[in-house]
Amino acid sequence: MVYDAIQDGVYAAITSGGFSSEPWILAYIVTAMLSSLAFLYLPKKLDVPQKFGIIHFFIVVWSGLMYTNFLNGSVLSDFAWYMDWMVSTPLILLALGLTAFHGADTRRYDLLGALLGLEFTLVITGLLAQLQGSIYPYYIGVILLLGVVYLLAGPFRRIAEESSEGLARAYKLLAGYIGIFFLSYPTVWYISSIDALPGGLNILGPTQTSIALVVLPFFCKQVYGFLDMYLIHTAE
Amino acid sequence: MVYDAIQDGVYAAITSGGFSSEPWILAYIVTAMLSSLAFLYLPKKLDVPQKFGIIHFFIVVWSGLMYTNFLNGSVLSDFAWYMDWMVSTPLILLALGLTAFHGADTRRYDLLGALLGLEFTLVITGLLAQLQGSIYPYYIGVILLLGVVYLLAGPFRRIAEESSEGLARAYKLLAGYIGIFFLSYPTVWYISSIDALPGGLNILGPTQTSIALVVLPFFCKQVYGFLDMYLIHTAE
Amino acid sequence: MVYDAIQDGVYAAITSGGFSSEPWILAYIVTAMLSSLAFLYLPKKLDVPQKFGIIHFFIVVWSGLMYTNFLNGSVLSDFAWYMDWMVSTPLILLALGLTAFHGADTRRYDLLGALLGLEFTLVITGLLAQLQGSIYPYYIGVILLLGVVYLLAGPFRRIAEESSEGLARAYKLLAGYIGIFFLSYPTVWYISSIDALPGGLNILGPTQTSIALVVLPFFCKQVYGFLDMYLIHTAE
């Protein structure tokens, strides 16, 4: 019964109707792998610490690898989003937190741990909601996401403001960018019809949902990596 | 065959007979979520480092989320205890280790890694014993647990004794408290009849086992968080 | 369908034909557990930092535990290699990286993170290739492995050369040893016939493959631990 639910799940919904989202997914994987090479090369070129290149490299490589589960069906296909997000979204926030610390005297590693832990746990709430067929874990996840937004808008912003004006501005731009995109994920989830989330509004069809879940991450991963390194470069 | 075993497994045993442990599980989740809010608020109030509040927050939030798998059956329900423990019990020992380090000059991060690694690995031995239907991994897990107890009673106690007398006493109380509870987990497992552990003694019924596995964690998570922060507060 | 594939998978292939690799697997587990005790004892005896003993302890204990899945069939049996490698091989490289740092002034934790992240991700590519029945993730994994080899042969070698001549020689010996063994893993995978990797060459039979996958790790884990500690000891 549980296994029937899986087989009628997210992957089946995405690939139904001729799998019109396949070219989008392929484009996502190819741009991820190409960006990863650029992220290894850019830090030296832009005089940005190598750690930023390494973090952005793993964000896009991991995410691209997980999207291959949408091309070739596997037991992971219905959970590939969570497998992607549980690694890549904490890394996105790690890059953002280290951007705030860059040039600042304060290094609040307890808050950095809280930020990454909240993000990891909220991804798991999405997985639990889908597996249990219950919307309650999703609600807890939304509360945890508000905690992420609070940390970015409050304590981390104050740390970034300790360093130069240019770096503080770079942080605020990146935090606003990521904050808005991260808030749109649960929104897409909620208005989708892919049965991942029971009680969803069924406004987007499966193909539209899967395209949204290619376009959003493209801006949060591929584009974000270039933006982060470029803004640190120009701020210094 | 493997999958039949799962469907006749822990979750089915718990929910059989009218699921009389449901109110206990619900109470566990509600107290976990309420404690989590208190743990974010208390550090400032009690003048305790914020990192303790953050660690205790994640212990109860993670544990509460995993217990939702006992309310709504999912493919994770038979493994929800391990999913809970593999994150929450290393965090419990992280809080204890940092309590020992608090005020001491020595910071043995190699021993802290050993402590958390032993705990994580011993949780996995429970999962292996259940999945393989073999008691041997359980025996290895008991040996690893003795290693945890040794580290708490030996090296970490000596580190705690470097700091003030009050903090050393606080550490010893907490380490004794956690040590006794952690030793009672494999005992409950061994005398239970939920087929999670082959070769168990069948003294406790499934409902009694699941109640024991609500009461024990309640003292190791919700109560422990308050106790840890209160004892650090009064010791300083 | 997915689950049939699992039941006809790696574990079935290994155990077919009277399971002639069972004594090899048993020997692997027993030597792993015995070595683990030696690794806890040797650092004091050899005047090597305790952290090396702790890391080598977890490498062999974790690996030995995962091999129990080949003795008692479980849902993990087809994936036990990945479950082993995703923890033990990053730890092998952690020991190697810390050997390079030992005595050197430079501590490039960003490169250490990259090394461990590459290794973890390449283990996952093997899992994806097997689950998806597609060889493309395997190719990406080989590229990531070349990244591991580059880091060992380039940046980490240069860091090791900062310290004494003896330690630099010890590092180069260990890095060459691990580099050659790690390169032989995907080779064995590719010439095996256990259907784990679609497009494999079918040169080795299942029993030969599983023996190869006992002999290779034995040198990378049990033997490597002694070698690492002995070489650090004699170099000082």
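We just call them A, B and C in the order they show up, numbering each chain from 1.
Just so it is clear, a residue touches a chain if its C-beta (ideal position, glycine included) is under 8 Å from a C-beta of that chain, and two chains touch if they have at least 3 such contacts.
As the structure is a computational prediction, the values presented were derived from the model and not from experiment.
Visitor: If every chain is a node and every touching pair an edge, decide which shape results: line, ring, star, complete or other.
Guide: Its topology is that of a complete graph.
Visitor: If more than half of the interface residue numbers appear on both sides, call it same; otherwise different. Which is it for chain B and chain C?
Guide: different
Visitor: Find the geometric centre of each of chain B and chain C from their Cα atoms only, then give the gap between the two centres in Å, rounded to an integer.
Guide: 30
Visitor: Could you tell me which residues belong to chain A and also touch two or more other chains?
Guide: 3
Visitor: Please give the residue numbers of chain A that touch chain C in the complex, ascending.
Guide: My answer: residues 3, 7, 33, 49-51, 54, 57-58, 61-62, 65, 68-69, 71-76.
Visitor: With touch defined as at the start, can you tell me which chain B residues reach chain C in the complex?
Guide: Residues in contact with chain C: 2-3, 6, 110-111, 113-114, 117, 121, 124-125, 128, 131-134, 136-137, 140, 144.
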